[in-house]
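I've put the structures underneath this note.
Next come two complexes, and both contain chain A; in the first it sits with chain B, in the second with chain C.
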Partner chain A sequence: MGHGRYIDPFLERRPDYVIGQGEQLSLEFVILPGEDRSIDLGIDLAGEGASLDVKIVYLSGYSEKVDIKLLVHHRAGGCSSQQRIFGIASGSAQVGFYGKVVTAPDAQKTEASQLNRNILLSDAAQVRTLPQLEIYADDVKCSHGATIGRLNEDELFYMRSRGIPEAEARALQMLSFLSPVVPEGQQERIEAAVRSILPA
Partner chain B sequence: MAEDRIIDKITSGEYKEGFVTDVEQDLLPKGLNEDIIREISRRKEEPSWLLDFRLDAFRRWQKMPMPDWAQLDMPRIDFQDIIYFAAPKKDKDRPKEIDPALAQTFDKLGIPLNEREVLAGVVAVDAVFDSVSVTTTFRKTLSEKGIIFCSFSEAVREHPDLVRKYLASVVPPSDNFFAALNSAVFSDGSFCYIPKGVRCPMELSSYFRINARGTGQFERTLIVADEGSYVSYMEGCTAPMRDEQQLHAAVVEIVVEKDADVKYSTVQNWYPGDAEGRGGILNLVTKRGICKGSGSHLSWTQVETGSAITWKYPSTILKGDNSSSEFYSVAVTNNLQQADTGTKMIHLGRGTRSRIVSKGISAGRSQNSYRGLVRMGAGAQGARNYSQCDSLLIGSLCGAHTFPDIVSHNSSATVEHEATTSKISEDQLYYCAQRGIDPEEAVGLIVNGYAREVLSRLPMEFAVEARKLLQVSLEGSVG
Partner chain C sequence: MDKLLEIKNLHAGIGDKEILRGIDLCIGPGEVHALMGPNGAGKSTLGAALCGRPDVAVSEGSVLFRGKDLLAMAPEERSHEGLFLSFQYPVEIPGVSITAFMKAAVNARRKALGQPELNTGEFLKLLKQKMAFVKMSPEFSKRDVNVGFSGGEKKRNEIFQMAMLEPSLAILDETDSGLDVDALKIVADGVNSLRSPERSVIIITHYQKLLEYVKPDVVHVLKAGRIVKSGSEEILRAIEKDGFDQF
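Here is the complex of A and B:
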């Protein structure tokens, strides 16, 4: 039976990754200060039980343009996908995120989650986020979340009252914010990057 | 018990407002051109500035393309095949009285045109039948407090300065295709002005009824709450069952001055079309308010169960410092209904706050989308937004979609958006079945629980009505 508005998102473009039955794909990206970056990925979960894990961290503190586009298609049932895109924008960086999750009519038992969290450290920087869910199957658990915010002042106060200098406290806050998406072995690079974009 | 009555109503379950009132009608010929607009304006005895406003809007509209960005399969609308003005003929002998056939119509719809107390107190009603307002009740009581509540046409005649000052100040004619069309041909709607420091003693309500075949309804509503005032305004609507689709393109503008508080509630129950998707209302509406002064507050609550197509984004511009706004919505689609609805919160002032709670329910072969925009402007120091959009799917042939757009230009602002999509769990249904509740009723219970956060925001009369509607709308969606 035809289904209202559903259109296979990979009719007009080819997916960059196709995940087959029972396969797992894990993607990690680190975008460092000074780097203009455009990521545009199409991922097709084509076989039953396929799973996807995407982690993206960005740190932008100058006048970078960061543009992240993800298109995740749950073609087959019983697949799971998780996307986490965390980052910090300072200086006059322009960050855009567009993340679309499409669940095909027959992709029952789909579990999809997407979380885009952004910290804006300066008024000249800008973050725009467009998380999109298109769901055409009913027995699914799909969610997305997006936040744009600032560093918590209470946490900062707590650390300062224990003698941690302000810059150090802010760096710690940022590191803890990013920690869920920092790939293994990248800890030191991220730490250096965080300190480099701290507002004076 | 009210509960028993509700359940009785569910089991009967068809669109009970689908009847046609047989009154003699005064119709303009089909089609849209400058002469038609001049004729509408002439019949309404409008001043020349308003005719110029209409013509200017019409010229802009002619240059605009019909928007196609929504997640909707919009039928082609032939704008020359619509009657733009339909009014029940007035009986010349007693022009002060309401035609008994019209009074009966509204009575059948449960809308009291004589001033009597309803369920939980007093409600003043402005009843609009096709293109004209039939009557407005409790005007005297309200005018004692300086409150103006009348049809838009009357406001143009009696309070031209107020209308001229505020008309199109929130939704300019060039805003979008349907707002431009409305600005050119709007017929009637409500006008409401609450003076400084006045707390409106009763709920104000507009009831819109489409009756004539082949017509479109172009309502225009303007609400102005002056400094420190308060008003709660409700809007309801129904239409007959017909095989062809009819157009409803309204514009609602709300101006909230310093420290004023406006609560706007809608129960939208236009005819949704039949199970095969024949007929129904195309509900293409622009609603927007501005929290102009500091500390002002605007709250939108909507229950959308009707219409073949809903295209509606009640929005707030938070201009005044520390102003706040909320959007609470339940949108139900069944059969072949399509809804693309949500809100926009534009934060401009310092310390502005907004909250969005949207509950979508799709059943049958329907498509239900939430579309929203939250924008934190450069001046929105310390502004705050929280959005929660949930979708519930009933059956495997429907679709539920979420399209938020979040932009921040301010490092001290905080925006949070959260959305989930799921179905009614087997556990919940099983639990109800164990207690002897049949599946259809169980779904009704669960849906009402799911939508409670929004329903509890509605004024009493509306809440009862909305609960019934939710159940009727989902009739036949289980099993």
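Here is the complex of A and C:
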């Protein structure tokens, strides 16, 4: 599955995080409405059995620019990485996601997943997403995916038919969409942010 | 007010296709009406038009509900007025629990009616009571709405929601289809317990099983977007014997 020859992605740049044998790293980012943000991280799973969990939630509803670049390198065997980047773009926000997972030839028994899910609430908002996998080991479980969608209209009508006002129904949908990546203790902040970017 | 619902010359369709071609129907308080008819007659479209489903466009006619212009209301306002549709195909809402869903619904309705919202304790008490009433296991309250439910569980969840919202007009769209006898009895008990001199029910069905448990006051036959026959239970016997072609 690799294109051509394996090249260590951290020859040209240094990783921001190196995860050693048996260590765990968990990273959480919350990007709120009105915030321009650029995240560019390189993470090296360098020791056997290292594990990584990345959760990023963004909510952009004005004219923000959000850029997220994640480079994850499985250098050693038996490591696991999970990346979830979920967000909602409204207004004329511009969001870009560029993610790359590289599995070195010796990184057998790697488990890596990368999921970027986006909801567009307005026609002027833009999301670009480019998830990539480079696999040079043969005994690995890797998955990646990206979705860009809108809120489900059947769900919306079902909720409204039960008396839930449209704005409240949309807020419920958005919160349920984001819930897998909302960090502990941040529920209320996210709820307020969701309500602030609801289209009138 | 002698009429709860008054439909006059209702025309409605989906896209370019006209499905309802002049429906006239009056329902008084406390009445149960059965709406029968072959597939494609427009039964479900009528229920959808009454509840304001966005893809159903009304082109002509009027609907008064408790004396108010129903067609001018948003779907949520129709619910607050006391209209309830039990969906033929209940919608799954991943990530939203039945508790969160119903709490939002019950409190939105109370707010619209100028009543104080229920606090969590009061709400959970009501939820437990209504779940027990429709014989739904309490563990369902934590599950996402309709996600992974069997066909019967989805229908039972519709009746549970109806019991929570206590509508003055409930429209049951094929709520009986695909149910075994036990589930059918639970649906029937739910409907019968809601019956009162003020509350009315429209039962949309093309079977007759549910009508053995919930006796209709009036039976209508809908064909090609019009009501072609209205009458008493005798119509049911005629349908059973000779089908819909006779009308």
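Quick notes on this structure:
The working rule: the second predicted complex is superposed on the first by the 196 of 200 C-alpha atoms of A that agree within 3 Å, B and C clash if a C-alpha of one lies under 4 Å from a C-alpha of the other, contacts with A are read in each partner's own complex, and residues count from 1 in each chain.
Here is the rule we use: a residue touches a chain if its C-beta (ideal position, glycine included) is under 8 Å from a C-beta of that chain, and two chains touch if they have at least 3 such contacts.
It should be emphasised that the depicted structure is a prediction, and the values quoted were computed from it without experimental measurement.
In the superposition on chain A, the chain among chain B and chain C reaching more residues of chain A is B.
By the touch criterion defined above, A:Ser176 lies against chain C but remains apart from chain B after alignment on the C-alpha atoms of chain A.
By the touch criterion stated above, A:Asp123 is placed in contact with chain B alone, chain C being left untouched. By the touch criterion stated above, A:Arg5 is placed in contact with chain B alone, chain C being left untouched. When both complexes are overlaid on chain A, the residue A:Ile39 reaches neither chain B nor chain C. Of the two partner chains, chain C is the only one that A:Arg160 touches; chain B does not reach it.
Judged by the touch definition given at the top, the superposed model places A:Gly149 against chain B, while chain C stays out of reach. Once the two complexes are overlaid on the shared chain, A:Glu134 sits against chain B while remaining clear of chain C.
No residue of chain A touches both chain B in one complex and chain C in the other.
Contact residues on chain A toward chain C in their complex (touch as defined above): 153-155, 157-166, 168-169, 172-173, 175-177, 179.
By the touch rule above, chain B contacts chain A in their complex via residues 71, 73, 338, 365-367, 376, 378, 391, 393-423.
If you check the complex, the residues on chain C that touch chain A are 51-54, 74-76, 78-80, 84-85, 87, 90-96, 100-102, 104-106, 108-109, 112, 161, 165.
Looking at the complex, you find that chain A touches chain B at residues 1, 3-6, 105, 108, 118, 120-123, 125-150.
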